[in-house]
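Okay, so chain A shows up in both of these, paired with chain B first and chain C after.
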Partner chain A sequence: MNIPDELCYTKEHEWARMEDDLCVIGITDFAQGELGDIVYVELPQPGTHVDMMGEFGVVESVKTASDLFSPLAGEIVEVNDELTDNPELVNDSPYEEGWMIKLRPSNLDEDWPTLLDAAGYEAVLAESGAH
Partner chain B sequence: MPFAGWEMPVQYAGVIAEHVAVRSAIGLFDISHMGILDFAGDGVREFLDGILTNKVSDLAENQIRYSLICRPDGGILDDVLIYRLPTHYRLVVNASNTDKIVDWLEHQNTSQHWSIDISVQNSALALLAVQGPEATALLQNMVGDAADLAAVRYYRGTQAPFLGNTITITRTGYTGEDGFELFVPADDAAEAWATILDQGAPHGIAPVGLGARDTLRLEAGLPLYGHELDDATSPFDAGLQKFVRFKNRHFIGKEALLEERQLGPDRELIGLELIDRGIARDGCLIVVAGEDVGVVTSGTFSPTLQKAIAIANVETGTALAGTTVHVRIRADLRAARVVALPFYQRPR
Partner chain C sequence: MENTEPLIFERSSPGRHGYSLPESDVPAVAGGDTIPAHWQRDSLPLPEASELDVVRHFTRLSQRNYSIEHGFYPLGSCTMKYNPKVNDATAGLPGFSFIHPDQPESTIQGALALMHNLSQALMKITGYANCSLQPAAGAHGELCGVLMIRAHHVKQGNPRRKMIIPDSAHGTNPATAAMCGYTAIEVPSNTQGTVDMDALAALLDEDVAGLMLTVPNTLGLFEQDIVEICRMAHEVGALVYCDGANMNALLGTVQPAALGLDVLHLNLHKTFTTPHGGGGPGAGAICVNETLEPYLPVPLVSEDDGVYAWDYDRPDSIGRIHSFYGNFLNQVRAYTYICTLGLEGIKRAGEYAVLNANYLKERLRDAYALRYDRTCMHEVVFAGLKEKAEGVRTLDVAKRMIDYGFHPSTVYFPLIVPEALMIEPTETENKDTLDTFIAALLAIAEEAQSEPDKLKDAPVSAPVRRLDETTAARRPNLRWQPPE
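Up next is the complex of A and B:
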């Protein structure tokens, strides 16, 4: 399972990466594997505000639906429109082409340190019995 | 994933890939969780004919029928296959209903003063399904000249040599494709599984889990107990009246179902194709002109149609084919087109 060192994570299996002053957010390789074939990603309109660990969307696989939680509070400034027609990008490339939203953090200094690093996320997976 | 007391794989390679393998080549399913009940004793035929909604008494040797088992009020206890094998009758019932059905049958056995021997065969027999357009060719190769599988008609079976055993092979399935189901001695099941996969490799065979079993049966419009069927649903509500045979026989639930036949069912199952984006799942409400008229019983993404599909249970006549209804998915109402079932029929 791929858990890149340079990303931060939530226990709900989202990842976050700062690009200049925006935070890019998606779901982890583990999450896409658990969901299986992803057929639909529901994302908010740009301009939407979201709380830390607030729901920002839903990802649907053939098997199930799963809520998406924002690692940081802020304003969503861009969503990945490619996922409308190609939701399978989340399966194929969860950390690159399968990104979901870009968010302008409103409370970065306080929120960011609460996220897990790669080792911390790996520990969460190990605790939950996932390997 | 735990399922009705069994450890079952939801998927092997992925639901969509497995689904496509069944539609285009072959899929292999381990469905040994299905309850396998064998019957012996005097009057088995009459005993079963007095319980099943479909007729048992005129089954030919190696013929199989789909049937329901109903309560006296017509509510469905289970949907089953009844087999008249050369030596005895067999029922295959839903895994989650096995205990309930055995109890129900034993209760009838005692209260009606039969002395039928009912034995659950799940320790002795595994059940494998080989489904898809290439299934006949693969299995014919494996059984050799001793049986002509192409000559076995739909819902018929045969006994044939298979990897050292003589087994019952039936032309049945739950996928909407041509194919067979094989009763294999449990001790040899692992070897049979591996050998079928090995010999099926040139055909593009794939092992298939519960996830694709569900998407395949849904496309084929086949009901699943606990979703389209339950003890509050009658065969008429579920559109299964052709599996209820009234004439010259008595079975549990007959009076209630006769009355319902006269009055007409107040519920019906419809097919939906989502127009708006999203997937309608079990439990989503169906809204027509601002009124709740029913509920989604099963929904998924159809790998064949490449769109979201669902089966819904609605008040009769409220959602006509060709019209647009709305499905409440989370907070939103999404448009869906009412379509005829099934969603998919294999090319013949």
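Up next is the complex of A and C:
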């Protein structure tokens, strides 16, 4: 299972990465594996505000549907439109082409330190018996 | 049998038809005068086929259908029990099948008497104070039940905001709560598969409108703390809704009302042998104690000195939740079933359902993993194969069941059991059938080790092989298009 060191994570299996002043957000390799073949990703309109760990969308697979939670509070400035026609990108490339939203954090200094690092996320998986 | 059945559109041939109709003696009206232009179409490419073509097409399709009348249908959480033919005989009586809901009460006394008697029988079985037969299905009964809980709280001056639901619940429970304006709050299960009492205690406060519990729960386990759960809920003024999908386990043995559960729906199409699954329509019934009785939907059937009437005089009612009076002919079927068995027979049905499930559990426990190793109720949930085989998942086990002539069991539910395989035999299967099924499941578990491809390739005996669900969902082809 791929858990890149340079990303931060939530217990709900989202990852976050800062690119300049924007935060790129998606779901982890573990999450896409558990969901199975993803068939639909519902993403918000750019301009939407989201709270820390607020719902920003829904991911649907053959097996189930799951809410998506934002690791940070802020304004969503861009969503990955490619996922509309090619939801399989989330399965094939969860950390790169399968990214979901870009967000302008509103409380970065306080929110960011609360996220898990790779080791912390791995511990969460181990605790749930998944790893 | 040929392996593919063309669509009826593909059988179409221009000009072919079943009947030649006489020329219409009603003057034609030009569409342009009566229908707005944007609603008019140039063509209506319906299939053109002879009566015999149509009969053969649909007969062949119907023969592809697998039903309880073909074989064992161990779909967990669904109570796929046999629907006795006598039910259809009574439902077909002209006095029931050829009446209109707008007829005067005096001309439908028999139908009203049946509804009244069915309500009385369901109240006797469940212990509740009153009952409405209107809901058309389980989720509809849930909606009705939670609307009544809300009406109760509104009457007390505060609808409250939260509904507590276990993590093992049917997905319809949180959906119902949301539809009624409540925030669903999840309470986790403990290591025994039942409600975590400490977690529940921490969640209960005076903003909780109610709890939605399934008894026995979706793991097929009895909530042994249920009386205490209800007491704790009532202490903060919350009410407890019981999802009655699993009532088959309790028939005649446990009255849910006596446990403290305030409202319960019954799936007549599960527990009381009315058609289920494509053969519906479903029929729910919602039973309530004295607290919620004023809020039942209208109308109820009242009886005064042997004369039956619609009772609309219920000022606190949540109103109608179905056109007319629910799916009446299935009420006839359910009442027939209850009369056929009698209350003693009903009790035995529940006992045999539990016995059959435990027999399967014990016979299969060496090959399939038990996550909660306890006596189960009417169904048993395994966490997939006991000895994991490389690349073989519960889905493959289920597909292989088709090759052995059985409908697959429920899989991947409840969500809290990994690789869940959920089997509900019901009381209507005899030991020979159960033994044949057990032999098949044991053989499949062996194949998983020795010949895993037999599972991964399954089914090989069905009209179609493994369907590509992913492509079907990603690129759905929803309707036939005429060739270009």
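In this section, the second predicted complex is superposed on the first by the 131 of 131 C-alpha atoms of A that agree within 3 Å, B and C clash if a C-alpha of one lies under 4 Å from a C-alpha of the other, contacts with A are read in each partner's own complex, and residues count from 1 in each chain.
By definition in this document, a residue touches a chain if its C-beta (ideal position, glycine included) is under 8 Å from a C-beta of that chain, and two chains touch if they have at least 3 such contacts.
It should be emphasised that the depicted structure is a prediction, and the values quoted were computed from it without experimental measurement.
Engineer: Following the superposition defined at the top, how do chain B and chain C come out on chain A, clash or fit?
Structural biologist: Partners clash after overlay.
Engineer: Applying the touch criterion given at the start, work out whether A:Pro71 contacts chain B, chain C, both or neither, answering first, second, both or neither.
Structural biologist: It touches nothing on chain B or chain C.
Engineer: Looking at the overlay, does A:Asp37 come into contact with chain B only (first), chain C only (second), both, or neither?
Structural biologist: Once the two structures are laid over each other on A, A:Asp37 reaches both partners.
Engineer: Where does A:Pro94 make contact in the superposed view: on chain B (first), on chain C (second), on both, or on neither?
Structural biologist: A:Pro94 sits against neither chain B nor chain C.
Engineer: Using the superposition on chain A described above, determine whether A:Val58 touches chain B (first), chain C (second), both, or neither.
Structural biologist: first
Engineer: Show which residues of chain A both chain B and chain C reach, each in its own complex.
Structural biologist: Touching chain B in the first complex and chain C in the second, residues 37, 39-40, 60, 62-63 of chain A appear in both lists.
Engineer: Which residues of chain B touch chain A once you look at their complex with the stated criterion?
Structural biologist: Within the complex, chain B contacts chain A at residues 10-11, 14-17, 211, 215, 277-279, 281, 300-301, 303, 308, 330.
Engineer: Which stretch or stretches of chain C touch chain A in the complex?
Structural biologist: Residue positions touching the partner: 412, 415, 469-470, 473-474.
Engineer: If we count contacts the way the header does, which residues on chain A are in touch with chain C in the complex?
Structural biologist: 37, 39-40, 60, 62-64, 87-88
Engineer: For chain A, which residues count as touching chain B in their complex?
Structural biologist: Interface residues on the chain A side: 36-37, 39-40, 42, 58, 60-63, 65, 84.
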